[in-house]
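Please find the structures below.
Next, two complexes with subunit A in common: one pairs it with subunit B, the other with subunit C.
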Partner chain A sequence: MAGTEVSAAAPVSAAPPVRRRSGRTRLQAFYPLLIGLPAIAIVLVAQGYPLVRQFVMSFQEFGLAQQFGQDAPWVWFDNYTRVLSDADFWAVFARSIVFCAVVAGLTMVIGVLTAWLLTGVRTWARVAVQSAMLLAWATPHLSSLTVWQWLFNPSSGVVNAVLVGLGLEGFDNHAWLLDPLSFFVIAGAVIAWGSVPLVLFLTYAAMTQVDTSLYEAAQLDGAGPLQRFRHITIPGIATVLMLVATLQIIWDLRVFTQISVLQTAGGISSETNVLGTYVYQIGLGQGEYGQGAAVATIMLLLTLLLTGLYVRQLVRQGDDA
Partner chain B sequence: MATSSTTAPSSGTAAGPAGPRRRRQPTSRLLGRGARNIGALLLALLWVFPIYWMVNSSLQPDEVLYGSEPQFWPSPFTGDNYTRIIGDSSFWAAMRMSVIATALAVAMALVSAVLAAAAISRFKFRGKGPVVLTILVIQMIPAEALFISQFRMLDGWGLINSVLGLSVLYAGASVPITIWMLKGFVDGIPYELEEAGQIDGCSKLGAFLRITLPLLAPGIVASGVFALLSAWNEYVLALVVLQRESAATLPLWLARYNTSFEATDWGGLMAASALVAIPVIIVFLFVQNKMANGLTAGAVKG
Partner chain C sequence: MRSQRRAALVAATMAGALALTACSSGGGSSDAEESADLTVWFMRNDVPEVAQEWLVDTWAEQNDGAELTIEIQDWDGIVTRLQTTLASPDQTPDLVEFGNSQVITFSAAGALSDISDMQEEIGGDELVPSLVEAGTFDGSLYAAPMFAGSRVIYYRESLFEEAGIPLPTSIEELTDAAIALQAANPEGTDDFEGMYLPARDFGSAMGWVFTYGANFAEQDGEEWVGTLSEPEGIAALENLQRLYTEGTATAASASVDESRQPYIAYNEGRAGMFSGLHLMYDEIAPELQEDTGVMALPGEEPGSVGHVFAGGSNLGIPAASENQEYARDLLRLTMSEEFQTYFASDGGWVPGNSTYAEPLAETEVGEAEITAVENAVMTPNAENWGVVEGNDVIRDMMVQLAQGEDPQTLAADTDATVAQLLND
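So, the complex of A and B:
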C-alpha cells in the first residue's frame, strides 16, 4: 500500500516539479490542505474540540451549578486526586482490565483455533462455519443483546429450560444478571460471540497465505499437526495476530453498549460498572462533569497507550512495504 | 472475505484439494478429518443458534413463548409479533431517525473523506507522516471517553435530541477510518493514469475527478457501507444525544422498548430485533468481501 504510494509518487517528484515550480508553487502547496478542509472541519468539531474541552474540564470544578451558568473554577488536580483516591474507581478499573483480558483472550483463542480447524475440514463444513460466523458478525449489537437476554431469561429462557431438563433443578427461574459474576459471563459471551468472526476471518485469510512448502518440509522432518501449528502457522501469521489482538484489547477495554444494556435489564450497576459506564454514571448521571471528565481522560490515556502498539505496528508495516 | 478465503486454501495450507491425500498419513491421525468436520459443524450450530432462536421466537404466539417447555420449531406459527411492531408508530419514528442520521453521516463522511484521501495519496506535502499518524490515533479514541463534552457541546448549541447533532458526531467518528480505507483504494489506482490525463490538458483536480474517481467507485461503496453500518448500529452516542423519549434511533428504541412495559413483550422484541438486523445482514453479505479487504488494505500485506 505504501509501496504503491512510493512508486506512484516517485516519477512525480522526479520530473514534474520542475514544471510546477515555474508559476503556481505557492497555490499548489495549499492544495492538499484545501481539499482536506471538510474532513478536518468535521473531525475538529466532532472530536477535536470535545477532546480539548473535556481535558480542560477535568481540571475544573464542573458540577450541576456550572451547568446552569456559573463560572467553573480551576481546581487543577483535585478531580484526579478525588477519583484516584476513590476505592470505587479502582474496583471499576480492575474489573475493566480483568474483563478485557479474559474476553479478548478468549476471543483470540476461539478465533485462531477455529481458523486452524477450518484449514482441515471439508468444504461443506467450512462454508457452514463461515456462514454462521458471518451472520453473527453482521447482527447489530442491540439485536444480539436482546436475543441473549431472552436466551438467559429467568422464567422462559431456553438456557434455563435446557439446564433444568438436564437435571440441574437449581436453574429453575435462575436470574443470571443479578449475580455480578454471571452478569459478566453473559456480557463476555455476547461480546465474544460477536467478535470471534472478525478474528476468524482475518487469521484464516493469513493462514492460507502461509507457504505450503514449509508444511511439507516440516512433515518430512516428522513434525505432527500440533508442532506444525506451533512452529509454522503461528510464526507465519504473527503480524496479523498482533494486530487483531491489539484491536480486541482496545475494543474490549472500552466496552459500553453491552454492559450498559444488560445493566438496565437487571444488572446491579454499582457492582457491574466498567470504565465506560462509570464515566456515564458520574458525568451524565450524577452531573459531576469535572470528575467524569477526569475518569474519561484516564481511560483515554490507557487506550492511547495500547493504541500506540497498534499504530507502531501499522507504521512499521508501511515502512516495510 | 469469505469468498476470498474459499478460493484461497487450494494454494494455501493443508486444507483444500491437498487435504484428502494427506489424511492417510500417520501424522494426521491425531485429529482425524471426521472429528474436525463434526467439530466445525457443532461450532457453526453454536454460532447460528442465537439468530435461529430470534427468528423462531419471533414467529411463536405468547402462550407457546411463555409455556413450560421451549419449542424449538415455530409449529403454531404466527405473524402477530411482526404486525404488532410494524403497526407501532414509534418503531417507524425510530426508523426515520436512523435512516436520516445514517444518510447524513455517510454523506458528510464520504464527501470529505474522498477529498482528504486524494490529498494524502496524491500530493506530497510537508507533515504528511504526522497527518496519517493523527488519522490513525483519532480513529482509536473511544466514544466512551469523549461523550461528556460532546453532550455539553451539543447542549450549548441546542442540538440535543437533534438528528443533525447526532449525525455530525457519527460523521466525525467515521471520517478517520473512511479516509484510511479510501487512501488504500486510491493508492491502488496508478497515478500514471492521472498524469496521462494531465498531459491531455486536464487540471490536476480535473484528472482526479474524471479518471480516478470513477475507478474509485468500489472503494467508495465499501467504505460508505462501513460508515453506514457503524452509524446504523451505533448506541452510545444515541443514548447520550437523544434524551427525549420520543427521539430514538432503532438501537435506542429497541433498548427502550425492552424496559417500557411491566412485562416484557419478548415476541415483539424478537420480531423487532430481526427487523433491525435484516437490512444490515443483507447489505453486509453483499459487501463484506470488499469491506474486509479495505480494512486490511493498510494493515495486512499479502
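So, the complex of A and C:
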C-alpha cells in the first residue's frame, strides 16, 4: 500500500506557518497520543503493578507465611538458582517450547491454507465456512473443552466408539489423556481448533487486499495457482502473517486453561505440565510465590525475546518493501 | 512504507500488551469498628439447608437483626482461593470451613486466630480427637472440630447372592470379591466392573494404605520422612493394584469429575460395589436402594474393621477478619447443641462434638459411618501436607498404580516427593 500514507505530523513542516493553523496542527500532533492515552493508562495500571510486584517477589523469599504478614527477606538470585537447577523445570521448559512450536505452526498452516481456499470458492461456501469458524472462535474455552472431553471419554466417547466400530477393538475404553503424547495431541487439537479461525479471518482479509492486477499479470506469464500463492499472496500478506504468527506463539507458550482442564479430566499433572500450569503449581499450589514469580519472569523474558526477534524482522521487512 | 513500519510497531505493542500476564493480590485495611454483619464460608454439600437457615435466623435474633451471609464454596481449588482471600482484610470471610487435612497449612502460616481458650467451652473432651489434632498447631487450637465423615463401601446384595460370592470380611477378601464379581457379571451388563473405584479418588485409596498400617510420612526429629515404601505400604499398594487392574475396569481412566460421582456407574448397573461418603446413599437410584448393603472398609484380619481416611472439616477464624469478637460468638453458635445435632440428623455426619451423634446411629448407613469414623486415620499432620494434596502427588501415584506401574518404584518416588515437599 505504497503512497497511501497520511501522517498527522506532516502539515507542520509542509504548510506555511499561519498562526491559527499552526495551533491547530500542534494540537493535531497530539491526537495519536490522546487517543492512545486511555489504553496506555489501562496497561500501566492493570499490567504494570503486578509486573513490578512479580519482579520484586522473584528476588524474595515469599511463601505462605509472608502472604499472611511476615517479612519477606531478600534472597536475590536464590529463587532463580533453585528453579534453573531443577530438572523438572527444564523438562517443562522443553515440553512447552516443542508444544508451542508444533501447535502454533499447525495453526498457521491450517489457517492460511483455509483462507487461501476461501478466496477461490463460491460465496455460499465461503459464508458457510466463515460462520462455522466464527462459532468455533466464539465458543468459550471451558464449553469447548467439555465437548472435547466428551469426544474422547474412554467409556462413552464418540471417538472410541467409532474406532471400535471400525474393528479396532483395542480402543475399547482406551484412555487418551493418560499417555502424555496423546494428551498433547488432544490438547494441541483443542488449542488449534480455537485459534485457527482468527488466523483465517485476518489472513483472508489481508488476501482480499492484494492487488488483483498482479494475479492477472502472473497468470498471463503462465504462473499456476501454487506459484501465484507462493510469489504474490504470501509476500502480499507478509506483515499480517508476522503479526498473527507472533501472537500465536505468545498465546501457545503461555497456554493454561486447556492444559489445566485436561489434567483434571485424566492427564497426570507431573507428566503434562507446561510453563503456564507449572507457574500455577509452584506459586499457588505449593505456596512458593517467590519461586513461582521467578519462573514467571523467566517465561516473560522468553516471550520478550521471541517477540523482539519477530518485531525486528517485521520492521526490517517494512523498510525493504 | 512508513505506514507498514508503524503498523509493525503498533502490532508489536499490541502483542507485548497481550503477552503480559500476572495476577494481583488485594491489600489494604481499614480501622473500622467491629460489625455483627458477618460472612461465613461453608463447603458445598456439607451443612444441611435447615442448619444454615437456623444459623442465619438465630444470629439475627441474638444480634439485633444483624445479617449473616453464608457463601458456599467448591472444594476444587479451595486451597489457592483461601491463600489469597484470607490474607486480605477486605476479602476475608469471618469464619471459614477447612478440610481437616488442609487446616494445618493455614494455622502454621499465621492465617488463623488462636482459639485455645475456647476449647473447653465448645466441647472439651467430647470433641472428635482426629479433628482436634487437625486443628492444633504448636500446642494451640486454631480451628474447631466441625464434623467428621468417612467413606463406606456400598454393594449390591443380589449380585453377590447370584454369583455365590460370600461378603468380604477382610481387605484381601474385598479385592478377591471384586475380581470374582467382575468375572461372574451376574446380570451380563456391558462394561461391568466388580467395584467402581477410580484411582483419582485418592481419598478412598488412602483407606487401603491406612488399613495395612502404613502412612505417607512420619516425623524424625525436625525432618519428615516418606514411609510408603515400608513393607506395610508396599502390601497396601500391591493389593490396591490387584483391585484396580482386575476388579475394576475404569480405575485408571475415570476423570476427577467422574470420581466424585461414583454412584452413576452403580446406578446404571455397571458396578457391583463402590466406595463413597455416607451421603451418597441418597444418590443411589430408588430401585437399587432396597438391594444396597453398606459396610465399613474391612480390616486386615477377617471380621476386623479397616482404617479409612478420616474425612471431616474444621472451623477457623481468619486472623485478618476485623470482627474477631463477633466471629468468636458465631463459632460458639456453630458448636452449640442445636447446630451440631443437625449434622447427625440431617447431614448424616458425625458432629465435631460427638455428644450429639445419636440421631446418626439409627440408620444402617449411619452405623457404618460411625464405625468407620471411630477407626479413621489422619494424613501426616505436617505444615505442608496441603501442598502434597494440592500438587496431586497422591492422586498421580494412584493413577500410575492403576496403569500397572511397579508399586516399589512408585512408593520410593512418592516418598522422595513427599519428603521434599514436607521439609521445604
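Basically, the second predicted complex is superposed on the first by the 259 of 321 C-alpha atoms of A that agree within 3 Å, B and C clash if a C-alpha of one lies under 4 Å from a C-alpha of the other, contacts with A are read in each partner's own complex, and residues count from 1 in each chain.
Note that contacts are C-beta pairs under 8 Å (C-beta built on N, C-alpha and C of every residue); 3 or more make two chains touch, one makes a residue touch a chain.
This is a predicted model, so every value here is computed, not measured.
Colleague: Which chain, subunit B or subunit C, ends up touching more residues of subunit A in the combined arrangement?
Modeller: For subunit A, the partner with the higher number of touched residues is B.
Colleague: Go through the superposed model and pick first if A:F68 touches only subunit B, second if only subunit C, both, or neither.
Modeller: second
Colleague: Could you look at A:T81 and tell me whether it touches subunit B, subunit C, both or neither (first, second, both, neither)?
Modeller: It touches nothing on subunit B or subunit C.
Colleague: Under the stated touch criterion, which partner chain does A:P140 make contact with: subunit B (first), subunit C (second), both, or neither?
Modeller: After superposition on chain A, A:P140 lies in contact with subunit B alone.
Colleague: A:L300 in the overlay: touching subunit B, subunit C, both, or neither? Say first, second, both or neither.
Modeller: It touches subunit B and subunit C both.
Colleague: Given the touch rule stated above, what does A:S269 touch, subunit B (first), subunit C (second), both, or neither?
Modeller: second
Colleague: Now for A:V311: first (subunit B), second (subunit C), both, or neither, which partner does it touch?
Modeller: both
Colleague: For A:R254, using the defined touch cut-off, is the partner it touches subunit B, subunit C, both, or neither? Pick first, second, both or neither.
Modeller: The answer is both, since A:R254 touches subunit B and subunit C.
Colleague: Does any part of subunit A touch subunit B in one structure and subunit C in the other, and if so which residues?
Modeller: Of subunit A, residues 1-2, 4-5, 43, 47, 49-51, 53-54, 67, 149, 155, 239, 243, 250, 254, 264-265, 284, 296, 300, 303-304, 307, 310-311, 314-315, 317-318, 321 contact subunit B in one complex and subunit C in the other.
Colleague: In the complex formed with subunit A, which residues of subunit B make contact?
Modeller: 1-2, 4-6, 8-9, 11-15, 18-19, 25, 27-28, 30-31, 33, 36-37, 39-41, 43-45, 47-48, 50-51, 53-54, 57, 65-67, 69-70, 108-109, 111-113, 115-116, 118-121, 123-125, 133, 136-138, 140-153, 168-169, 171-173, 175-176, 179, 184, 187-188, 190-192, 195, 204-205, 232-233, 235-236, 239-240, 250-251, 254-255, 258-259, 266, 269-270, 272-274, 276-277, 280-281, 284-285, 288, 292, 296-302
Colleague: Taking the complex as given, what residues does subunit A use to touch subunit B?
Modeller: 1-2, 4-5, 8-9, 11-13, 16, 29, 31-33, 35-36, 38-43, 45-47, 49-51, 53-54, 57, 67, 114, 117-123, 125-144, 146-151, 153, 155-156, 158, 161-162, 193, 196-197, 201-202, 204-210, 212, 215, 219, 222-226, 233, 239-240, 243, 250, 254, 256-257, 260-261, 264-265, 275-276, 279-280, 283-284, 289, 292-293, 296-297, 299-300, 303-304, 307, 310-311, 314-315, 317-318, 320-321
Colleague: Please name which positions on subunit A make contact with subunit C in the complex.
Modeller: Checking each residue of subunit A against subunit C gives 1-2, 4-5, 7, 43, 47, 49-51, 53-54, 63-65, 67-70, 149, 154-155, 173, 175, 178, 239, 242-243, 246-247, 250-251, 254, 263-266, 268-270, 281, 284-288, 296, 300, 303-304, 307, 310-311, 314-315, 317-319, 321.
Colleague: Residue numbers of subunit C touching subunit A in their complex, please.
Modeller: Within the complex, subunit C contacts subunit A at residues 1-5, 7-9, 11-12, 15-25, 79-80, 83-84, 86-87, 105-106, 108-111, 191, 249-250, 252-257, 319-320, 387, 390-392, 396, 399-400, 403, 421, 424.
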